[in-house]
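When the chains are written out, they are named A, B, C and D in that same order, and each has its own residue count from 1.
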Amino acid sequence: MTSPHAERPLRRRLYCLLEPSAWPKKGLSPLNKVISVLIMVATVVAVVESEPVVIEGREKLFLGIEAVFTLLFLVEYVGRLWVAGENSAYRGLFGRLKYMTTPSAVIDLLAITPLFLTFLGSEAFLLRLFRLLRILRVARLGRFSQAFDAIMTALRSRRYELMMSVGIAGILLLISSTVLYLVEGEHQPVAFGSIPRAMWWSIATLTTVGYGDVYPQTTPGQIFAGLTALTGIGLIAMPTGILAAAFSDAIQAQRRAQDDESEKHTGKS
Amino acid sequence: MTSPHAERPLRRRLYCLLEPSAWPKKGLSPLNKVISVLIMVATVVAVVESEPVVIEGREKLFLGIEAVFTLLFLVEYVGRLWVAGENSAYRGLFGRLKYMTTPSAVIDLLAITPLFLTFLGSEAFLLRLFRLLRILRVARLGRFSQAFDAIMTALRSRRYELMMSVGIAGILLLISSTVLYLVEGEHQPVAFGSIPRAMWWSIATLTTVGYGDVYPQTTPGQIFAGLTALTGIGLIAMPTGILAAAFSDAIQAQRRAQDDESEKHTGKS
Amino acid sequence: MTSPHAERPLRRRLYCLLEPSAWPKKGLSPLNKVISVLIMVATVVAVVESEPVVIEGREKLFLGIEAVFTLLFLVEYVGRLWVAGENSAYRGLFGRLKYMTTPSAVIDLLAITPLFLTFLGSEAFLLRLFRLLRILRVARLGRFSQAFDAIMTALRSRRYELMMSVGIAGILLLISSTVLYLVEGEHQPVAFGSIPRAMWWSIATLTTVGYGDVYPQTTPGQIFAGLTALTGIGLIAMPTGILAAAFSDAIQAQRRAQDDESEKHTGKS
Amino acid sequence: MTSPHAERPLRRRLYCLLEPSAWPKKGLSPLNKVISVLIMVATVVAVVESEPVVIEGREKLFLGIEAVFTLLFLVEYVGRLWVAGENSAYRGLFGRLKYMTTPSAVIDLLAITPLFLTFLGSEAFLLRLFRLLRILRVARLGRFSQAFDAIMTALRSRRYELMMSVGIAGILLLISSTVLYLVEGEHQPVAFGSIPRAMWWSIATLTTVGYGDVYPQTTPGQIFAGLTALTGIGLIAMPTGILAAAFSDAIQAQRRAQDDESEKHTGKS
């Protein structure tokens, strides 16, 4: 790993193929496109495999498929570890250890682990973790998208207002479940007999989901439920309004940035 | 079809009447208005006819009505094919074949086919295709509207963000159904016994539809369901915010265009 | 009614009190405030009276209350008719007849009629009309609000886009109910056995209401239902985006108008 | 309490710690952070305690915890009363009485009262008030947040439009429940037998909650219900649009204020 002259050109080329920010052209490199498709296929397989009707009698087949995916992701992980040296921050053995603790490298490592869990035993808990980890591989797709970054930036710019609207939602949830507990609790003790119980109804109403498994049956209960449902509209309107303003702002900022860019371009070249 | 001197004036006039972009005045030509109404009436008839109570004993009547519509749309199709020659791109026999492969001509052709399907037999599959094709005639209305174009332009300008919010929706759907499958699967194997099964619940919750045919009954299941429902609000807020920003942008762009237009107008005339 | 010298001052004063646009100060005149409260109380009484538990044994009392309201609204109507002469367009007998055909005068007249319906008989149909007309009195409140005008202006400025989003909603409704009818119709003939039947499910899903009285039970049905529910989010996002843009535009226009106003003000005075 | 020389420095320091607006640094003072956490913990305890499974056999433990919280909030209240004198408006005994009538002081006092209610007796009504007051303590958190102020300002700037959309919601609720009462009342007298009864269905539909406990079963009822559900989308779109415009406006105003601030800053220093 320390023969600098021999491996550079290959490592450099592989680095450009693996690291999205190092790819000179627009979009993803062919290798990263293949990896994206692999991640998606592995996720779909994990989803489908959870269905008893599908897996029954095909346990070995699916374990084989999982082994293939694990091997491919292992190769990819080793590859990423190797080319990380192109980035001066992760050079040498110590640098590689540092790279291994970055969030994206940890996620990549977790994507390999599921299969090894099956060697630890076959308890229900391990089996569940095995399945969850395989689904969470999908998080690896996050790094490949630039539109995702744009959305995240817009969300981050308004994070205080969004957190505050979560806070207001929490307080509304608290008040509506307290009121319904006081008003409806005696009539329906199973569904409204305590504040935490009433919260299940309250969250279904405030988010306008409305399963209909529990609902107030007394007149005062229905009046307060109606008020809660109306408040729920405000609860939807607030984050929507905040996000609409944030995206509108982002579009205008993007425009100005493009104007500045073109000015610089004409000035420099 | 190649007697250039005799038919031109009539073909030219019919072209202006049939082709929305060739109509010199604002809005739709009288002929296209009639065709729009015909399409709508044919669609309503197809909808109403699907009701067993309505069609029973009136099969021949409805087949007759369908025959009339097919004839009218056939005449319209031949007419459009003929006048297509006014457009230099579709002149001559080869040009007409080229015209027949344009999306709108294919849609027009499909609008005539339903009746002919009934001659092929009376299998359930053919009958269904027959009904579906008759309803899909409504797609022909798309070309007549300019406000539809304005909405489509606004949607297209933000397509990456919208696709990304579909992608985020997909990942949320995946994670929430995986969690509910792990948490609630043992208690309710029919509804949450696999990830694809849990997805039915998950999509009803994330979109805040909430049919209430399946819902978590254990406490951890209800806690994660509550989080899913709250996330669903974000799922509604994101595309709404993106669209609001896009429409707001479109209004401002339209204003600027009108200002430029009026400046040109005063300058030119 | 033609003694010009005697009645003018009183008629003029009453005109200012009754006609919102003639009132020199901000807000509503005291008389119109009283009338607004009367309309609201009459509506609440009509709502409460419809409850069998409330009205049983108190039929005469409620008829008496209704008689009082009818008398008050009759006096108001005659008053409005009289002072209409202050407006040059409605002067003289012919002008008064012209005034009686204006939409707001027709609404005012309808507000008096309910009681007279009870003299015509006591058929179920008349009784229903009687109740409906009493509730529709609430429409009279519309003219008193200026914020209502602001909202209406914003809606009107985007009416083509809003109509188009209603049109798109209609087409989505049509397509989703056709698909569900084809896919689920055989399995659940009562709920999905025809396109109009499937529409009841489809509208509950697209608007994210989701009563849960009918829902697809087959796998293909549930897949298309999930797609319909996701489309429903777009259906909510579109008018919301259009309205957000319209209100944003209205706020900016209002600002500019205020700036112009203050400029004029400083210029004129 | 009137030894001005001795207590000033301590009172001044405590005033800065207790009064958010007097704290010189950004964010909350350490003491207010501790108090915020205390309020949240007390609220969570009150929520959990309402669950019969939790409280059974632990009544004394929970009463003890409540006593500790009451003591702490009492100390805080006395502290705030004492330091209020730093504000010239609340100096002296009369000033303190004036301070005790401010909304936030009243809320603080209410936060201490729950425990004392238990001495008055153990009727159901007192017990309920006891629980409600303990939950309402959460309102005390309101004063600590500045993002909350930003949201409130945006809401206040558009209060007329928001009130108007509440008014429009009310009228839609009235009309849809009247129509459903007239159309569906005879078929389902329990659910739609009067306008107030139909309102329960109507509010669940207009807010798109859709519990599914009541829904129209006749064809005309389902047609009007469909229209109501579609109108419900407008009901959600209107406040969302208004809020989006208000937040968008607030962001721009904030920007301008920051620009002005930086200009002043460079001018002054």
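Here, contacts are C-beta pairs under 8 Å (C-beta built on N, C-alpha and C of every residue); 3 or more make two chains touch, one makes a residue touch a chain.
Nothing here was measured: the structure is a model prediction, and the numbers come from that model.
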Centroid-based (C-alpha) most distant chain relative to chain A: C
Rotation angle superposing chain A onto its copy chain D by C-alpha atoms, nearest 5 degrees: 90
Centre distance in Å when chain C and chain D are each reduced to the mean of their C-alpha atoms: 31
Euclidean distance of C-alpha centroids - chain B vs chain D, Å: 45
Residue numbers of chain A (touch at least two other chains): 204, 208-212, 236, 240-242, 244-246, 248
Complex interface listing, chain C residues touching chain B: 160-161, 163-165, 167-168, 171, 174-175, 178-179, 181-182, 193-197, 204-205, 208-212, 215, 222, 226, 229-230, 232-234, 236-238, 240-242, 244-246, 248-249
Sites on chain C touched by chain D in the complex: 43, 46-48, 50-54, 128, 131-132, 135-136, 138-139, 141, 145, 147-148, 150-151, 166, 169, 199-200, 203-204, 207-213, 235-236, 239-240, 242-248, 250-251
Complex contacts: residues of chain A adjacent to chain C: 208-212, 240-241, 244, 248
